[in-house]
Amino acid sequence: MASVVLSEAEKVYIVHGIQEDLRVDGRGCEDYRCTEVETDVVSNTSGSARVKLGHTDILVGVKAEMGTPKLEKPDEGYLEFFVDCSANATPEFEGRGGEELGTEIVNTLYRIFSNGSSIDLKSLCINPREHCWVLYVDVLLLECGGNLFDAISIAVKAALFNTRIPKVRVLEDDEGSKEIELSDDPYDCIRLNVDNVPCIITLSKIGCRHVVDATLQEEACSLASLLLSVTNRGTLTCMKKLGKGSLDPESIFEMMETGKKVGKTLHIALQKTLEKEESLGTTRQKVGFLG
Amino acid sequence: MPLDHRRVPGPEESQAPLLYAAPGEEEAAPGREAAALRPLLARAGLLSQAEGSAYVELSGGTKVLCAVRGPREAAEGRGRLLCEFRRAPFSSRGARPRPGPAAAARERELGLALQEALAPAVRLARYPRARLEVTALLLQDGGSALAAAISAAALALADAGVEMFDLVVGCGLCRAPGPAGAWLLQPSEAEERAAPARLTVALMPGLNQVAGLLGSGQGGPPESWARAVRLGLEGCQRLYPVLRRSLLRAAERRAAEGPRSTGSSA
Amino acid sequence: MAPPVRCCVPGERLCSLEEGAAGSGTYTRHGYVCASLAGCLLKTSEDGALPVVSVVRDAESQLLPDVGAVVTCKVCSINSRFAKVHILYIGSTPLKSTFRGTIRREDIRATEKDKVEVYKSFRPGDIVLAKVISLGDMQSNYLLSTAENELGVVVAHSEAGAQMVPISWCEMQCPRTHSKELRKVARVQPEFLQT
Amino acid sequence: MAAGFKTVEPLEYYRRFLKENCRPDGRELGEFRTTTVNIGSITTADGSALVKLGNTTIICGIKAEFAEPPAESTNKGYVVPNVDLSPLCSSRFRSGPPGEEAQAASQFIADVIENSEIIMKEDLCIANGKLAWVLYCDLICLDYDGNILDACTFALLAALKNVQLPSVTINEETGLAEVNLKETNPLNIRKHPVATSFAVFDDTILIVDPTAEEEDLATGTVTIVMDEEGRLCSVHKPGGSGLTAAKLQDCVTRAVTRHKEVKKLIDKVIKSIKPK
Amino acid sequence: MAGLELLSDEGYRVDGRRAGELRKVRARMGVFAQADGSAYIEQGNTKVLAVVYGPHEMRGSRSKALHDRALVNCQYSMATFSTGERKRRPHGDRKSSEMTLHLKQTFEAAILTQLYPRSQIDIYVQVLQADGGNYCASVNAATLATIDAGIPMRDYVCASSAGFIEDTPLADLNYVEEAAGGPQVALALLPKSDQIALLEMNSRLHEDHLDQVIEAAIKACKDIYTVLDQVVREHVHEVTTLLGE
């Protein structure tokens, strides 16, 4: 993570602030920073999204390509994740610096999307054992302002919502070899159902309270944080303790409750913005980084 | 692939016979009570070359061996704990995982989870410019492999004479299939494969603090996860005496033959 | 040690703060002294009221050189400003892995510090007794000093390869070629004199 | 302060012992460390064995898989050995791809399998040109205290004797294999190669089964692999000080007696498993 | 020429531009808060982000520090989804290392490095969408980012590409024109002092056409300069009003 240097006094100041439910930037313990979500920002991808959460800036591109199904799951397509920590975020990510963090994020994403409930992988299959759609989800980290996992999960969900996969017909000619024929109308495509794609909520334990959406400074004063992936119905699909400190059991149960509550509100807000983006259709004036 | 020319070359790709086996004659797990805790065998101080070592075996067949390289000189400033968790190629039932980037990434994730479970317990402040290397090797995967590795690593660290706030006990759980599936303690490999949700809990028993938590799958609402965590913590408390006894036996053995042969490897 | 040797495990509560002070291998938490090492309990009560509770491991109690420890090291390279050494021993316990140390020119001798020459005091391959004066910062390694009479070269080989005999605090003689070589020699401990 | 002398002047320390024809851990020059073997401990592998030679511990796990036979010899299967020396067994190894010593050991084991014809590759063929067995033999060193070549060869032999391959039939119309996990049949072990390693000290003294320290101080090592008919399968002497023909002959005779000891031990262990 | 008709006989190119016309350039400075200087530029469909850190203490080996001037350290990377075909590695392959070297040389000529001895200036460029002229857009974005970081420069550095099709020079080629394989020139210019910082020309071009193409490229760079200059003045004005006189 981008390292920020904090003196002891600043840390004490932040911790005491949080005891009284007041954070440095005026938010309450369970409030998110202002979030901007914008879809279809990069043209030659099947779907893309950009999320700006405070000073954290994430760009996700999804490209659908034809591939062969995996041996153990012959009738399903699959997702491939790749996280690129660009040197833009911090000089430490130059060269191979960002690889360690990148692998950690990729593993968490695989863990969340491994069970079949998040994305209907069967709809990605064209014909079993031979052809299926592979969705390459590429996450580009442009700026680290703390709370990376939440921003990344929102961006991935938005990008998958925005993904358009061209319709495909399978022609069976005589000697049994299958012929794939792409439909020529660019707008004739299938959309993915992202309703039960979960979002990650990271709760950081600071002092004896926990906060949501911690900034870099707050992350520096938190010894341990709990990462929860919450679906819009409030069920948890992944739980992971991060950081080198430990948590007492009671605070874990409290954090799970808060995570569920915050997760639901986040899903509703995200669904609303995605529908608004969708309703504007293609006439929408793309803001991108010019905003 | 740079890796391959360093190993004796085999066929390009090969399939496990299991894929072609007649499925389904899996022996049905005998009706077992959810909170049943199967005995755990633990032994500390068994490797000669490592400063600290431990071996943990769960009755489901999971065998983990762990070695700790004592404080070694580190390049940069503050003390660091480096964990590595490797699976033996013959440890899992199905196909042999081919050594490649994908396998390395998954092993890295387990190594990281191990490191985050141990970090709260080790007093790194006492080793200002040193590096502690923990290497765990999974010989056979019979379910809740990460939990066994966490217990083995904590034992090995204590056996190496590294200062710790407390031991760390790991316990694995999985949810029985079906909508209202109950959580099972220390699942076998078959139960773990069929389970919709899995969870590994790491507890510091003396201080009653949760050191590590890693769970995924459809565990349902937070209340069900909370039940699972409580069950896991209770399991850890019950496993703690076995680990403690094995460490004491190793300490006594070391004390007994300590003074005689100082220095030369026991 | 008390007859019933009580071994303990990290995290175990030994006693409350009123009964004993925390010695080595222990830490205090919420008013209790807890063990931080796996080893045998040692209660040393000097004349004062509070006994000091400590946990000691017999195999190798010392894992890291700390300030003030006397270490045995082998000189690996010298230049005009300092000598680089590998630390092999802390006190009497051998180290499984060597740590790098440095003896600066001004830390070699207590008297006339500036007239000291490194190559007149050490040669690569010598075995030296030294004391740790600092842990060193980010880049550098342990800083050692041989500024006391008991510290300095213990074992040295002459040009001819034979093990040399110390004849004064700054000279050693090769038994075969009788050539004298300059070293900063450690005063020989009385109990080794008869060998 | 004997231990101090050992770390400061290790060679001198050893010479003192070799003069009286014994070694620091009490063994004579020609005596092996206590050898124990435990067969079939890993149930997820098709065949497994753990060998302890003093402190040196090697575990060998064999996984059998299907593959097409090689183009040039369509009636042969594969045996793919791989020796893994990880930081777990000793601090001299780094994690990551196999280092020099590991690659040398893997190649040594591959040569032993090739020259000693321990099993015929033709036995591994299921359907000529279509399907054959691949035996992945993974040898992992758990504790490195010298002489891993003897321990690896012994572990491989014991594991191969423990292998149980499920019976496979090719049904004609689909051309796919059908596996019946219930009936399994063992491998046909034709030869029993046993390795004996020696370390050469100061170009003259030969000591058998060197520990890690003795290997570091030795000026050369030689490994001799014999099978039961007294035939030499391979002699592996990677450089180091020279060896006279007479010395080599002593090594060979010692290797023959070592082969009998190992054969007796392995038969005893196999018998103790069979009735179960 | 290829099936596709790159230049219609009325002088219109594939995307309707005339021979010397630039693609629509839109830019913004100060995109990120944590970087010392940052900028975003869109030239047609090519979108590039540039970030500048520094001048700061040497990171990594002290031996590389130059005693008399700052060391310019660059990294050019392309997002894996930036091109039609998905790229497996964002940076580190031959093409991006070459681009990194070009950026480094270009900016060593433009930045007054002797003002900051024994220090390091990092310039990181990230291409979000590649539609031809990637190098040129990167140079323009890096110029804006360096200015945003307040690092003194001799002059702006504006870059543009130029091609030669049916003996008419074309300015600011897009991906289709670049892929058509005709002769292409990439030129980085210091507009005020009319010095050419970097000129890269590949594939065969007759000698007397050369100065025609370079002339078109220089003219394109000057047009880009006016756009960039306007963006910078707007940004400075905006920032000063925020600070309040």
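The chains carry the letters A, B, C, D and E, assigned in the order they are written, with residues numbered from 1 in each.
The working rule: a contact is a pair of C-beta atoms (placed from the backbone, for glycine too) under 8 Å apart; a residue touches a chain by one contact, two chains touch by 3 or more.
Each chain and its UniProt protein: A = Exosome component 7; B = Exosome component 6; C = Exosome complex component CSL4; D = Exosome complex component RRP43; E = Exosome complex component RRP41.
The structure displayed is predicted, hence computed values, not measured ones.
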Contacts common to subunit B and subunit C (chain labels): D
Set of chains whose contacts include both subunit E and subunit C: none
Reference subunit C; chain at largest CA-centroid distance: E
Chain nearest the overall C-alpha centroid of the shown protein atoms: B
Chain pair showing more contacts of the two, B-D and A-E: B-D
Mean-CA-position distance for subunit E and subunit A (Å): 32
For subunit A paired with subunit D, centre-to-centre distance based on mean C-alpha positions, whole Å: 49
For subunit B paired with subunit E, centre-to-centre distance based on mean C-alpha positions, whole Å: 52
Rounded Å distance between subunit C and subunit D, as computed from the means of their C-alpha atoms: 42
Residue list for subunit E, restricted to those that touch at least two other chains: none
Where subunit D touches two or more other chains, by residue: 3-4, 7, 91
Touching two or more other chains - residue numbers and ranges from subunit B: 15, 69, 72, 121, 204, 207, 262-263
Pairwise chain contacts, counting only pairs that touch as defined: A-B, A-E, B-C, B-D, C-D
Subunit B residues touching subunit D - in the complex, by the definition given at the top: 2-3, 6-18, 20-22, 25, 47-50, 61, 63, 65, 67, 69, 72, 84, 86, 88-93, 95-96, 133, 135, 137, 139-142, 262-265
Subunit B-touching residues of subunit A, taken from the complex the two chains share: 71-72, 103-104, 106-107, 111-112, 114-115, 117, 224, 226, 234-249, 252-253, 256-257, 259-260
Contact set on subunit B toward subunit A in their complex: 15, 19, 105-106, 108-109, 112-113, 116, 119-121, 196, 199, 204, 207-222, 225-226, 229-230, 233
Complex contacts: residues of subunit A adjacent to subunit E: 2, 41-45, 48, 55, 57, 59, 61-63, 65, 82, 84, 86-91, 94-95, 136, 138, 140, 142-145, 288-290
Subunit B contact footprint on subunit D (complex, rising order): 3-4, 6-7, 24, 41-45, 48, 55, 57, 59, 61-68, 70, 78, 80-82, 86-91, 95, 97-98, 103, 106-107, 110, 134, 136, 138, 140, 142-145, 166, 168, 176-181, 212
